[in-house]
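You will see chain A twice below: alongside chain B first, and alongside chain C after that.
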Partner chain A sequence: MAAKTLTINGLQISAEEGATILQAADEANVKIPTLCHLDGVYDVGACRLCLVEVAGVPKLLPACTTKVVEGMEVKTDTERLRKYRRMTLELLLAERNHVCAVCVANGHCELQAFAWSLGIDHVRYDYCFPKWSVDNTHRLFGMDHNRCILCTRCVRVCWHIEGAGTKNVSGRGGHARIISDLNQPWGEADSCTSCGKCVQACPTGALFHKGSTVAEMERDRSKLEFIVTAREKKQWIASD
Partner chain B sequence: MILNDLIEIKNAELAGRKKITLRCCMAAGCLSCGAKGVKQQLDKAVADAGLQDQVEVRGVGCMKLCCEGPLVQADPQNSLYIKVTPENAPSIVAAIQGGQTSVAQTDPDAAFFKRQLFIVLANSGVVDPERIESYIAADGYQALHEVLNEMAPKNVVESMVQSGLRGRGGAGFPTGLKWGTVAKSPGAKKYVICNADEGDPGAFMDRSVLESDPHSVLEGMAIAAYAVGADQGFIYVRAEYPLAISRLQLAIKQAKQMGLLGAGIFESPFSFNVDLRIGAGAFVCGEETALMASVEGKRGTPRPRPPFPAESGLWGSPTLINNVETFANVPPIMRRGPEWFAGIGTEKSKGTKVFALAGKIKNTGLIEVPMGTPLSVIVQDMGGGAPDGGQIKAVQTGGPSGGCIPAEHLDTPVDYESLGKLGSIMGSGGMIVMDDQTNMVEIARFFMEFCMDESCGKCIPCRTGTVQMHHLLDKIIQRQATPADMARLEELCDMVKSTSLCGLGQTAPNPTLSTLRFFRHEYEQLLRPDLSGPPPNGASETRSASAAS
Partner chain C sequence: MDRVRLATVWFGGCSGCHMSFLDLDEFLIELAARVDLVYSPVVDMKEYPEKVDVCLIEGAICNQDNLDLLHKVRARTKVLVSFGDCAVTANVPAIRNQLGAGNTENVLQRAYIDNAQNNPCLPKCEGIVPALLPRVMPVHEVVRVEYFLPGCPPPASNIKALVGALLSGATPKLEGMQLKFG
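Up next, the complex of A and B:
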C-alpha cells in the first residue's frame, strides 16, 4: 500500500493509505482524545472529542473517521479544540448522574480520567438530574443508565464482534437510551449470550459485573482485541 | 408507448375539454375546510342545470391562496371564488351562465398572483393530480421522451449544469454537479431518492407539489435516473402526508400502466421503478444519511460524510438524493432548455423558489417567485402586510436551521447568498412573518426546543448542547438569567455549531444567533445582573447533592 506523508502538530509523519488520522497519530505517539472509538470495532464519529483542525478545511474533522491525505496538515491540540473538548465533557457530566464516589468504575473510568486530565473540577452548566433506572435483571451483569454516555461501544461490540445483536439504541435526543432486544429487561433478552463483551467495552460504570462494588470494576480490553485480531488477521495471539 | 401515443392522449384530452371549467382545489388545505363537499355539490348543480356537456368540474391541486379556501376558479370567466361552501354551488353555476352571485370572490389578477412566476407550480391548481392524462395534456412526459431518445446521459447532466439549478432541500448544492458525481461514480447498481420528508415547522411546499402535481416529480426522477444510470428510485415521504402518499401511489400505478415507468420506458432499454418509503415522523430523517439508513430499515441517524451518498449511499451504492422541488424543476428545464431557466433569477441563484407563506400576514399560502425578489415584495405587495394594522417585525426563513431577518432588511433579495449574509438561509421554503407583538427570545426558544426534541442523540454536542441552550433561553425568559448565562449561551452556540455531526446540530444555534444579532436588546432587557448566578457548581458539592437525591 502506498504511504502518505502528512504533518500532525508540525511533526512530519507517514501513514498507510486508507489509515485514519487517529491511526496515523497513534503510530506517531500523538494522543488524540476519544470516547466513542474502540479499537477493533468500526467508528461512528459520535462523541466529537477527536475533532481536529486540518489546514484549508473550514470544518473541524473527526480524526477517527477521516482518512489521511497526502500533504495534510493536522492540528490536534489548539486552544479552540481544547475549549470544545472541555465543554463537551462538562455537557456530558451535567447530562446524567455521574457520581464517582459511589461508582463501580471509580478510578477505572475513561470519562473520569479524561475529566481529570483536563482539570475539570467543576461544571459550568446546570445539572439535569434526570431520573434513570438501573437494570439488574441479568444473571451476571447490570446496567446503570445514570452513567451511560451513549457512546454505543456496547452496541457495536454486541453486533460486530459477538454477533448477538442484543444491544441497541431507542428513543432520541436526551431520551435516547441503550436497550436490550425489543426494549426488554436484559435478563429476558433471549439473544444475549452473556459473553460480557459490552461490559468490557463500556468506558464508564454504566455496564458492570454484578457483585463488584465501588471502584472494583477493572476492564480487560485485551480480550476484545484478541477476538478481533483472531478474526481479521487469523492470528490467535494473546496480547499482554 | 411511443411519442405518437403520448400526443394522441394529449389531443384526446384537449378535444374532450368543455367550454367552461370549474377548478376546485383538492389539496390538503382546502380539503380540511370542506372542499370535498363543494366539489360534490358543484357536480350536482351542473347536472341539475343540465350543463354536463358544457361544464367540467375538475378537482385540481393547490390554488395558492390557502387562507381563503375552499377555492373555486371558473374559466374562461376568470372568476376566483373564495371560502366557498357546498351551499354556494348553485349560485356559482348560475354565475358562469351570466347570472349574478353573492359568493365572495377575489381578484385573480391581484399582486399575490401577478408577482408569481410558475415553473414548479405551473400545473398546480390546473391539472387533475389523479389523472395522468391531465398531466400529459400539459405536455407531461414529453421531456422524458426527448431525453431518452435524443440525449446521451452525459448531455442531460450537462444541461442540468447549464441551467444553474441548485438543490431546493436547503443547502442549495448545484444539482448538475451532484448528478455528474453520481453518474461518474463506479457501480453497477445506483439509486435515485426523492427527499419528501419536509419537517420544518410551517413548511408545506413539498406536500403541495406532491398533492398537486405528482407526475412532475416522477418525470424528474426518471430523467435523473437516466442521467446517472440508476434503475431504482425511492420517494421518502412522511407518514403525516396521507394525501400526498395516496396520490403518489396512484400516479406511480398510472405511469406504470402506460409504460412511463417500469421496464423499457418509451420502448427504450431504459428501465426505472419507483417505490415509496414512509417516514415515521423524525425530523432528522430528512438529513440524507439518516434518510438512507431509514430506507435500509435501520435506525435513522446521520453518519459522518465522506463518503457522500453520491459515492456510497443506499446499501453502499452510488445514490442521487434530491428534494421534491428540485425534481419538479427538471421536466420544465428539459422541455424549455437550460438557457431559458438560467435566464430567470439572479447570477448565482437561478429559477424560482416556492415558499409557504405563513404567520402574521394577510395572505397566507403558497407562492412561487423568481429568485432575487425582494422580501418586501413578498410580504408587503403579495402578502398584504400584517393583518389588523400591525407592523411587521421580522421574517423567518429556513425554519429551525435559519434565522430572523429584521424589518429594516426587508429590501433583501431572496437568493442563497443574500439570505446567508444575514445569518439566515434559503432553507426549504418556510417563510414565517412576525409582527411587533412577537417576542424574539421566545421565537429562539421555540426553535431550540424543536431541535432539542428532534436531535437524534447520536453526537454529544447536539444532544446535550441543545438541552443546555434551551435551558438557558428558558432562564432568560423567566428572568432568572445573569449576563454570565448569556455568555454561556453564546459560547454554546459556537461550540454546537462547530462540533456537531450533522446539519441539525450544526444549524440548531442559527435562530438564536440571528435573534442575538438583530434583537440583542430583547435579551438584555430580560437579564438580571443583580442575581449572583447559580452557585459555582463545585463538583464535590454536586456529587453530594445527587448522591442524596
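Up next, the complex of A and C:
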C-alpha cells in the first residue's frame, strides 16, 4: 500500500494510504480529543470534537473521517480549534441532564474528563433541562437518555461487532435518541443478545449495568479489543 | 496588610461545600489570622454587610430569597466565587427544571401532599416562606461571577488553592482534575 507524507503540527510523518488523520496522528503520538471514535468500529464524525485545520481548506474537518492526502498540512491544537472544542463540549453539557454528582459513571466518564482536561470550569450557555426517560426494562442493563451524547458508539458496536442490530437512532436534531429494535422497550427487543458491548462502549453514564450506583461503574474495554483483535489479526488473544 | 473581608453564603445546596470548607483543618487557623469572616452560615450575622472582598457562594438559585440576597451580594462584593456544582451548574436542585412549566407546583404537591403522612398542606406564608422560582439557575446565569470552583463538593485542597491565591493577591488558576464536575 502506498504511503502518504504529510505534516501534523509541523511534524513530518508518513501514513498508509486510506488512513484517517486521526489514525495518522495517533501513530505519531499526537492526541486528538474525540468522544465518538472507538477502535475497531467505523467512524461517523458525530461528536465534532476531533475537528482539525487543514491548510487550504477554509472549514474545519473531522480527523476521524478525513483521509490523509499527500502533502497535507494538518494542525490539531490552535487557538481557533481550542475555542470550538470548548464550545462543542459546553453545548454537549448543556443539551441534556449531565448531573455528574449523581451519575453511575462519575469519575469514569469521558465527557466529564474532557471537560476538566480542556479547562471548562462552567458552561456559558443556558442549560436546556429537557425531559428524558430512563429505560430500565432490560434484565441486565439500563439506558439513561439524560446522559446520552448521541455518539452512536453503542449503535456501531451492536451492528458491527456483535452483529445484532438492536440499537438504532430515531428522530432528528435535539429530538434524536437511541432506540432498541422498532422503538420498543429494551427488555422487549428480541434481537438483543444481552452481550453488553454497548455498555462497554458508552463514553458516559447513558448505558450502565443494573445495580451500579453513583460512581461505581467502571468499564472493561479489553473485552471489545479482544474481539477486534480476533477479527483483524485472526488471533484470539488479549492485546495486553 | 488589611484583613480580607470574607463571606460565604448558602443558597440551594446541601451544605456539603461548607462541610468541605471546614475540612480545610489547620488552614482554617491560618485563614482566621488573615480574614474577617463577615457573613456566613457559621457566624451569627443577620444582614449581608457592605464592602466585602470575597464571597464564596454555595448552591443554586432556587427561590425569591436566594435571588434577592444574590443581587445584594453582588452589589456589595468585589469578588464572587461560584463554590461547588450547585452554584456552577445548578446540579441536583435543578432536576425539577426537567418537569418544565408548573414544576414548582408539582414538586410541592409531591413533597407536601402526596408523600405527607400527617397534615398534608402546602407551605404558604407570605413574607416567611419564600416562593420557588419557576426555573432553578446557576449563579452566573443571574449575576457576573469572577471565579468558578466546581466539584460536589470541591475537595478542601481545591478550596485552599483558590482562597490561598486570592489572599496572596494572585489570580487563582485551577486546572486539570481540580475542575472536575461531580
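Here, the second predicted complex is superposed on the first by the 240 of 240 C-alpha atoms of A that agree within 3 Å, B and C clash if a C-alpha of one lies under 4 Å from a C-alpha of the other, contacts with A are read in each partner's own complex, and residues count from 1 in each chain.
Note that in this section a contact is a pair of C-beta atoms (placed from the backbone, for glycine too) under 8 Å apart; a residue touches a chain by one contact, two chains touch by 3 or more.
What you see is a predicted model; the values in this text were computed from it and never measured.
A.B. asks: Contacts for A:C103 in the overlay, against chain B (first) and chain C (second): which applies, first, second, both or neither?
C.D. replies: second
A.B. asks: Let me test your reading of the model: by the given contact rule, A:Q112 touches which partner, first (chain B), second (chain C), both or neither?
C.D. replies: So A:Q112 only meets chain C here.
A.B. asks: Could you say whether A:L150 touches chain B, chain C, both of them, or neither, answering first, second, both or neither?
C.D. replies: first
A.B. asks: Name the chain, either chain B or chain C, that contacts more residues of chain A.
C.D. replies: Ranking chain B and chain C by residues of chain A touched puts B first.
A.B. asks: What is the contact status of A:T65 with respect to chain B (first) and chain C (second): first, second, both, or neither?
C.D. replies: first
A.B. asks: Just chain B (first), just chain C (second), both, or neither: which does A:A2 touch?
C.D. replies: In the superposed model, A:A2 contacts neither chain B nor chain C.
A.B. asks: Would you sort A:M87 into first (chain B), second (chain C), both or neither based on which partner it touches?
C.D. replies: first
A.B. asks: With both complexes overlaid on chain A, does A:H175 touch chain B (first), chain C (second), both or neither?
C.D. replies: first
A.B. asks: Between chain B (first) and chain C (second), which, if any, makes contact with A:F129: first, second, both or neither?
C.D. replies: In the superposition, A:F129 touches chain B and chain C alike.
A.B. asks: Just which bits of chain A does chain B share with chain C as contact spots?
C.D. replies: 93, 97, 99-102, 120-123, 126-127, 129
A.B. asks: Of all residues in chain A, which touch chain B in the complex?
C.D. replies: 44-49, 51, 59-60, 62, 65-66, 83-84, 87-88, 91-95, 97, 99-102, 120-129, 149-150, 152, 168-169, 171-176
A.B. asks: Write out the stretch or stretches of chain A touching chain C in their complex.
C.D. replies: 93, 97-103, 106-107, 112, 115-117, 119-123, 126-127, 129-132, 215
A.B. asks: Under the definition above, what is the set of chain B residues touching chain A in their complex?
C.D. replies: The contact residues of chain B facing chain A are 282, 284, 299, 303-304, 452-461, 463-468, 471, 488, 491-492, 495, 498-501, 534, 536-539, 542-543, 545-547, 549.
A.B. asks: Which positions of chain C touch chain A when the two form their complex?
C.D. replies: Chain C reaches chain A through residues 82, 85, 88-92, 94-95, 97-100, 135, 138, 140-141, 145, 147-150, 152, 174-182.
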